[in-house]
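Working notes for the structure below.
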């Protein structure tokens, strides 16, 4: 059967099924294959807080959305074009997001009474007409998989588990993707279990040819390669990129990396990733709690490591007392906070941007710590390096903010060559002559004199320090001086960071201001609004404390400013107090990234237009 | 590899106690037991063969935690309760340093309890000196986790209702590899314990009974007073029977698992019947029994090394793992790492 | 006074397991060992004679810490590691409540270690159920403080370098007054342990070896598998000699302080030679030896009550002190208090 | 010898000596006596971080300043009129603060070579002319005391220790104060040791008659009683008043008080004070750390107590994660933060106002907690009650900020009668019908259903809650709703608190804005400036989050706003962002309270005038 091939610019697919159905795997395979085929891509995994919720329940549904395109891609897509639903619960949970008229491909075999009940369906949606208006494709995926694997030695359960590969094969066919990359991957992944290896391979192939042979589809689609910049690419998630950024900073600074951390979702993967690379001299220390995590890192920094600690919101809360110590002792240290839904335990597997205030202000006393944030998964790499650069140059703890969306989401990254990356100069003090632990260089940084250096023995600690000699000092005037000195040191960093960049004209009716993981959604919205003739520009903070020094100039050139954040307006508060200007706000705190359409709608609401 | 894993000991280093004295005025109360510890440390350190610059003192907050200021080594006076955690970072990063922790009963056992027990179980190669004065000194006299039940203090005007920790028991339970106790007033003994701690590879926990003249004066008087000391203190020595008393007239005997105080003069028992101390016993029960003496009527308080066992250290194991993996996989190559995984080329 | 100090037990209360089931879907993985604990609790609770509304479950964060949602009593699913601290507040404020803590090896022994050891030493009347699966479940499989050294997990791809805690040893060191261990797969035994914990006045620590099917499947298989169980598990019973093995053919004997596994069939030793378990021994050494079995080659893992001793409780002592002082000084009179001290009148 | 008696309106004395010299005691005795004699008073103790620094050193100097007057008193005085210096170190440390031409009364016997050296004096200031311009009175206090006590059984050391009572007697004479109150106090205090009792009494009497007989003084002084409101008074420190406020709140709410706390300077005295009053049914729990302190309080609140936790800056940092839990579970809880010098351990015995940002924003996620602050030592009483009222009415944690200056400083307090204090209604839920743990009353407060209540068994926790039923809920829309609901609940409190009051006209050239312990200094400065004809008013925040609802109206009526704070401008930041107006700032971070003259000078700088 030959099918029509239709060319599309842009497709968003969501794979959804039970936690045990392997949707994350299916999604990542499709992602990698599309990437290899040259599409630009963005992904959004979304999994439940439970490890394996009982099969068939709505709260056990795991999803993976990916957006691939022949154009530049900024977000994982607002509304999927295609929903692959492996069971009724997956349909139930995900249908509301599907584009009007979108395609549903579902595993008809899973729509039995038991599963319908578990998903709280009174009637079968495949039959009750409730899916009218969608293109509904009912494929008996389980049965087809079983049929395809007839004769293997695997148990029924094992056979049934291969249905995700069948579905993947079918989707490859539907979107005209090569299956070779996944075949290679299966071979490698299951090299120790040939039976499973073969079964998955057969299922994949069967799914692919099913597409060709079934009458359910009359058309297949093709999304051409995007016009990406020349070079080598790989797909990276934010957490991976963060970890790689630190490895790079370690190599580029010549310092050994030390990570003291306590596992917490969604930050743990940075720990996992770094602990794989011990051959870079990296030491990872899984501490007894977050306090020990940061304290061990402080100890490592004190003794000469490039020291890190990684966590998420509640963990940052626990680390705040120790961060004060790092400020007082002026030690280089990078703290990564992968933000998640709060307050308290909140929505631990969901994304949010509500730790900005905590990052900048959440410590006792006047306790300035530079704060930087990554905008995209691959930007995590560069911001991790940037955080290290600032920490080492200014002898200060630096907070790097990412979020659950960036951490788990992925995008193609044009891999830089080692020699394209900037060096990060370091500076252990060794000369005895003229040494004073709280003397300053031109950046107001104090010397880093590490234990083991003869003649530089000295004492530091959390009590106020006398200027220059660093002794404990209760002198009123010294305290005032040191408080202001620490503030100035951090404020001066604004002279050493890139200007705030503007996407669009540098003046106009509206400036959309953002920071962190909303970058993609804002960019997509702005591009669209500008195409539609609106005078709107976009500026995105990567340095949040201090702000780039041109910030005020940028803001002043726009009639209105809209601050878009996944919180109740934290950046807005800071901008208002810093520049004494009023701003408009768009805030949605749903544990989800913004849809670009939300932002577009808001722009239109402000500026008019369609 | 040995270099990476071991504290840097060099031959021919000539240091004197003066080399370790700081230029800062010591600010403890006159008569405070902390002074004694400081002098003994300054006395023992020159003999350890470790270059001065390789010593690091880490402390928390409390009177005792001022210790690092009074040593002219590297020193870190950190925050309350976190000394063990910070010291763990120092040592894990730099096994070549000799890392010492100065801490109080509040600092180590109250707010810092978790870091302490984890440092014990992981056998981090730290020397932990607990200045146990059974009181919060710096905050002016509240009861501490080692204060006796019923103690009247500022925060317990009607007597505290807490049972105290027995620090040695806790350390045994957390599987510390070296556990010792000494007295601020017994200078010679303290020196020995410091030497022993320094020589141990792994966590060395030394509890010093330390008199706080201001808020808990005389807490250890029965153990330090010339009159009563001999009857109240049992000096543990490896391979020696447990004898104590003014004229060495008493001893400890084990009856099954139960210790008994026996007289050596009434003809019933002789030295040969006594419990012979074995520091190196793998069985934690022995040390546990010694630690429990304090809760038993009429028993002396043991000082000396309760237990010393041998295990690999956290810092050593981490360094070794890094080294082994580096040997196995080759030194990390950033270019390769960046381009690893599924990469593709856009031309 | 007794009312204030004691958990409110009433006669004639008729409850069934169903009364304790919640309306919420249980969200553990199919096959998780946590289910077994839940059913046994629901089975034992109706028999305790405590009104349903007087039970409080407090937990931290972890798979196991979801426990309170699945009981229809009062429940508090708090934050990671803090269950013991919160439960201490509940119990100190309200000694009439029966307060239970559901916690994991990460929750109780890693981040929560300090609250745990302090609750032990203070003898807070809490029932602490440790779901020990030797792994971090909820965060998807990192090694925990009870994981064996060398364990390969997400955060230790080359094997962990940490020595594990022995939770029973730690509890003994911290002087917990009731220490027991049981198995998720041994339903009857678990019921007994729950009953015993409930009956104990003071902290009752029950370690449950719990299988995590996803991240640490089979960790306790040698102890639960029908084939191997008898040879690997020693069931402790008070006043009974320590016999184990498929045909009760092995026993534990104490040689001095050192335990030995002996055969009962080779004619050398008979039951009469064996160590007779004494739960109530004041001497912590016995329990310590039992706890150390796991580190000894060829020894069975003890389950049952390691130790139970009797001491006043923190919550009881606090209440009693309040009561005594109220009796002595008279019920507080605000007007008097405000006008106490040096007052003077301006006319 | 008859001496001239001169009437003064206003005197500030500072007693200074070694830590062991009993200066705190001497100061408090003088304070109490002056209070009983009807003066208005304000005090400022100032002691070293060391418990007993070696005798004679400058860092071991302990001071106690008191300001007593026949007028209303707002501050402990900017510059002492009289400095009592018990040794050279005390003179050295304190001289710089003494008023030009002020009186120095020093213990001449202590100015020996050893002490001069310890205080780093090269020459004896009593002899080298360096004290010219001051009225220097050299009294051989030690010798006089020894002479007065000749024949007692006490050791020389004990006798010498009585010299502070000699000095006190002399000061009583000099300021025409009665000695009876102190005689009574000595009797009571040393009732168990008659020898000491008698010695102190004799020393006091001897000091008093020495004044009459010596030629060193030609004049004595008298400060008449102030015209205070009628009523009963007592002298209270801020920490005492805070503790009493909580006892009152317990009585007035009918709830048992539970304090979970960990000692920390300068907050520990609240714990000490409350633990004395167990006969009010108060339970105090000295926890193993700050986290256990707040967590035990959360447990107590959950089970029906009026729950408190008390701490200072670094302790608050440790409590922040648990505060998030209290917000999510909506439990009533009062957290007292007695601010001290930061960051980190900073200046632990000194005062500061730099924890405001931490208090309002220092938590992960959107985590609103009402924040109130006391203005004077006695105001601590009322703000403690107010914090309890808000916590119980709105089912929310509330943060009460005081500071080291308020905590240790004292002032006469017109004691309220029990029946004048407001009731604090409480509301345990007992009806089973219609119960839902996250239903809301008119204040958006959820029901307080405590364990032990039949039929109301329910579960709470740190995960996001479904509206009304309180189940764990990961629904995006619910999260957004609940985030906004929690914010609204707290914001609504502005409708239930007193308006921001203005001292002075409600419009003018300058409004001085303050909060917390600067109240007295600002008031004194404003009163003076207004007397000098400047159009300046003062408004002082007691409610910092949310602000009183008239705040914007108040601010708008002034041409300029000056925010005075002992930090780098934290309230200023918040005012700027909240109202988008610019403000002027006066910030001095020296670990000391503001001098009113600093503020006056700033006002003059802004407005002109003399």
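Which chain is which? They are A, B, C and D, in the order written, and residues in each are numbered from 1.
Criterion: contacts are C-beta pairs under 8 Å (C-beta built on N, C-alpha and C of every residue); 3 or more make two chains touch, one makes a residue touch a chain.
Please read these numbers as outputs of a predicted model, since none were measured by experiment.
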Between A-C and C-D, the pair joined by more C-beta contacts: C-D
Mean-CA-position distance for chain D and chain C (Å): 44
CA centroid of chain B to CA centroid of chain D, Å: 39
Inter-centroid spacing, chain C versus chain B (mean Cα positions, whole Å): 29
Residues within chain C bordering two or more other chains: 61, 79, 110-111, 113-114, 118, 145, 158, 162, 318, 321, 325
Where chain D touches two or more other chains at once, by residue number: 59, 278, 288-289, 314, 321, 324-325, 329, 344-345, 461-463
Chain-level touch network, classified as line, ring, star, complete or other: complete
Parts of chain D lying in touch with chain C, wherever the complex brings them together: 32, 35-36, 38, 181, 225, 228-235, 244, 247-248, 251, 256, 258, 260, 277-283, 285, 287-289, 291-292, 295-305, 307, 321-322, 324-325, 329, 414-418, 451-463, 471-472
Footprint of chain D on chain B - complex, ascending: 25-30, 61, 63, 79-81, 110-111, 113, 136-140, 142-143, 145, 154-158, 160, 162, 214-215
Chain B residues within the chain C interface of the complex: 110-114, 117-118, 121-123, 145, 158-159, 161-166, 169-175, 254, 256-258, 281, 283-286, 288-289, 292, 311, 314, 317-318, 321, 325
Residue ranges of chain A touching chain C (in the complex, touch as defined): 50-55, 57, 59-60, 262-265, 268, 271-272, 275-276, 278, 284, 286, 288-290, 314, 344-345
Chain D contact footprint on chain C (complex, rising order): 8, 22, 24, 51-56, 58, 61, 68-69, 72-79, 82, 85-94, 96-97, 114-115, 118, 318-319, 321-322, 325-326, 328-332, 334-335, 337-339, 341-347
